[in-house]
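When the chains are written out, they are named A, B and C in that same order, and each has its own residue count from 1.
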Amino acid sequence: MKKDLISNQAQLDDSGKLIHLLGLENLPKSYLVDILDKADNLIDSKGNLKKSKALDDMSVANLFFEPSTRTRNTFEIAAMRSSANVINVDLANSALKKNEALMDTMHTLKAMQIDMFVIRHKQSGLPHHVAQHLEGVSILNAGDGINAHPTQALLDMLSIRQRKSNFEDLSVAIVGDITHSRVAHSDIQALKTLGTSDIRLIAPEGLQHDSSRCEAVRCFDNIDEGLKDCDVIIVLRLQKERMIEADIPNEQEYFDNYGLTPERLALAKKDCLVMHPGPINRGVEIDSAVADCPQSIVLQQVTNGIAVRMAVMQILAQNS
Amino acid sequence: MKKDLISNQAQLDDSGKLIHLLGLENLPKSYLVDILDKADNLIDSKGNLKKSKALDDMSVANLFFEPSTRTRNTFEIAAMRSSANVINVDLANSALKKNEALMDTMHTLKAMQIDMFVIRHKQSGLPHHVAQHLEGVSILNAGDGINAHPTQALLDMLSIRQRKSNFEDLSVAIVGDITHSRVAHSDIQALKTLGTSDIRLIAPEGLQHDSSRCEAVRCFDNIDEGLKDCDVIIVLRLQKERMIEADIPNEQEYFDNYGLTPERLALAKKDCLVMHPGPINRGVEIDSAVADCPQSIVLQQVTNGIAVRMAVMQILAQNS
Amino acid sequence: MKKDLISNQAQLDDSGKLIHLLGLENLPKSYLVDILDKADNLIDSKGNLKKSKALDDMSVANLFFEPSTRTRNTFEIAAMRSSANVINVDLANSALKKNEALMDTMHTLKAMQIDMFVIRHKQSGLPHHVAQHLEGVSILNAGDGINAHPTQALLDMLSIRQRKSNFEDLSVAIVGDITHSRVAHSDIQALKTLGTSDIRLIAPEGLQHDSSRCEAVRCFDNIDEGLKDCDVIIVLRLQKERMIEADIPNEQEYFDNYGLTPERLALAKKDCLVMHPGPINRGVEIDSAVADCPQSIVLQQVTNGIAVRMAVMQILAQNS
């Protein structure tokens, strides 16, 4: 499935209500703001998450075809804190190679009265395919191939919004393997929608943004140039399996060229935020001192991740 | 343990109350009807399952010694929808080779205040053994060897009863590996108890019903003859590990000889129901067009499976 | 990390409140009594566990870096019966070899709003390390290397206290691999704190208690001598991977020399209790007849294990 052919159209119903969350492309700003507002309301004055009864009558299934304990846990916690029943469907041994068998499984789970599906799959567009072919349930994209990871982008936006007065005047740099990063793709989309004027993509040659889609972003292969005077740095996790493809002989060389060090951070604005989707590889894409510095909001991102996922689940539940 | 020696006696207490569900042999009709009635009451007018507080104070353990994500999920969902605590005991690495070690584990789980055990085991009669030796808990047989799968039969009966006015006048055909199918064994038992006059078993030679137990059923090796004018077809899943034993050289040949095609379905009555315990192997035991035709009630069976399991759990809880 | 350097200091806050449960060394008697009293109150007059809403607003994570379905289940059940949300973090494939990566994971889970962590790890002192470096959460040691297993010792004490009028006059024998047993270490500590005057350690040469720490205990290598007139026997589980180290050529020889047989039990007092942390290896460290005799309280220990873990969780929750 080519990325360009993946449409998020199914996520809005005829009256314009959000009934799935597939991706942020073509999702108007008001939808993003609604999710962020709802997420903010789920955090109390001490920074703790509130519990909610919003999904009291619902069942959520986690379908992770790619292993990811961490993201799965965040969706599980978000569902539990919303009072839903949660079921983790074990897909380790699943032989769902054909979409047909997958759709049979999805129909079966729906018949078991699952109301909401959280799906991660290595195939770009798979959640969109399910959403188009399975009526009466909500689909939540938890990462599909290199296409999109919308809840990650939403939690990133929430984390920025909590500390910066507006998106319009920000310079935001994303550093790493832009080509293969669904996080980067969704972040770019969200930043554009929210009006960010200066989006900078810093990547080694061969891992840079597709030039044909480069309108409204600026591409850098020199990190020092890219970080200059920026307000937010989003460091991507180095996927070690991509190193050969990207001509990166070893982690040390990556760190030397693209690791976020205190010296490089000093090129950005003084109050520049440091973000990372986690788990961080200390000494590879980020220096330990930077990961733990006051400008780093990595752990706040984690908490916001629960809030954003609760918010999305509750909005989808309400609209279903 | 020979099948003939497996007794369901332990499932009724001295006053005749159902305290375990081990199998349907020797279970009087009124018990089946009670379960089906209770299950029907758990489905609302829109076909959705209600939630219940019936097991609010109980803990249910899933003990699946054979892998089966799907059936395990149905019991887990049934328990959660009845408000029980559910614990999935990981038995993948368990070295419970001796019954003695197994019974120690069962006593230990009981001491952990587990009230109800859902057991699947490749050894026929294992749940019966546990029920005989562990007092004060409820045992629910989720499939034991080639012996029985009572909740599957009950959900099949519920699915038939929702669409046919009575069991007495029905012609019901079961197609597949009858010899090794615990589903077939329990379905035959349930159909007999409910008074079905015409039970037909369609199987390749060598996979047919034990002839000595063939009273009250008719055996066919020709599927076209067996399906003629029947009201219900229950297609069994082809267990690929049985193919050699059954002299089936490949899936295509099985499909040619026993696959349920539109042409074969046309031999049955016009309103004949098509059923399958799932997951279906499209193009092996059933043609895709038949699996998806209006007469197919495969997905309704799944929903009924939750309802029946909730009903059984609630009856056992009440009687414990 | 050397055992002698492991400090439980972090488990009390400045005002002396128990905020973690790391080990029993240096924990004053009143704390033990409080936990045992609370656990007793969670058991009703019929010996069944009550449910509680005490952790209604809390999330508990089970982090088992060593496989142990059984102990994990007891903590899961204890948390569920206290109305907490429970999350089992899958660590099978975790590459948390460095403490740094582990602490990042812990901080991340805390940011996901986990309030309480149950940790089992093969590294002695690991839970203490976490407790010292992660503020605002409660750490519950579920077994760290050969150092401590405090909830096991507490459930053992509860089991003894339910049947013996006081600890002071008891002769308690612990039999097995004392050197490597965290259960033995914590039991010795608890018995000392509760004032037991006669603690006997029965072990093969090479598996005996560290002689430099032997104050207040008596060491035996002859089991018959060690059991004479004692009131309680705690049989340790034989860890098969220790057999070579301990010069035990096979299980039969271990049983011949240290197995608890009816004949050996007869050397103890008539009402001597038989205890074992489970799961028992029948015919290895304990004879089947002894495991099942009226003096055996092995299953009562299991129930008490849930009660004690609920009690500890509730006390930590209250103090947090």
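We adopt the following convention: a residue touches a chain if its C-beta (ideal position, glycine included) is under 8 Å from a C-beta of that chain, and two chains touch if they have at least 3 such contacts.
These numbers come from a predicted model, not from an experiment.
Undergrad: Using CA atoms for the superposition, what rotation angle relates chain A to chain B, in steps of 5 degrees?
TA: With C-alpha atoms aligned, the rotation comes to 120 degrees.
Undergrad: Would you kindly state whether over half or under half of the residue numbers at the chain A/chain C interface are used by both copies, giving same or different?
TA: Answer different: the two copies use largely distinct residue numbers here.
Undergrad: In angstrom, rounded to a whole number, how far apart do the mean CA points of chain A and chain C lie?
TA: 42
Undergrad: If a residue has to touch 2 or more other chains to count, which residues of chain A qualify?
TA: Nothing qualifies.
Undergrad: In the complex formed with chain A, which residues of chain C make contact?
TA: 57, 59, 85, 87, 89-91, 93-94, 100-101, 104-105, 107-114
Undergrad: Would you pull the chain C residues touching chain B in the complex into a rising list?
TA: 48-49, 51, 67, 69-70, 73-74, 76-77, 80-81, 278-280, 282, 288, 299-300, 302-303, 305-306
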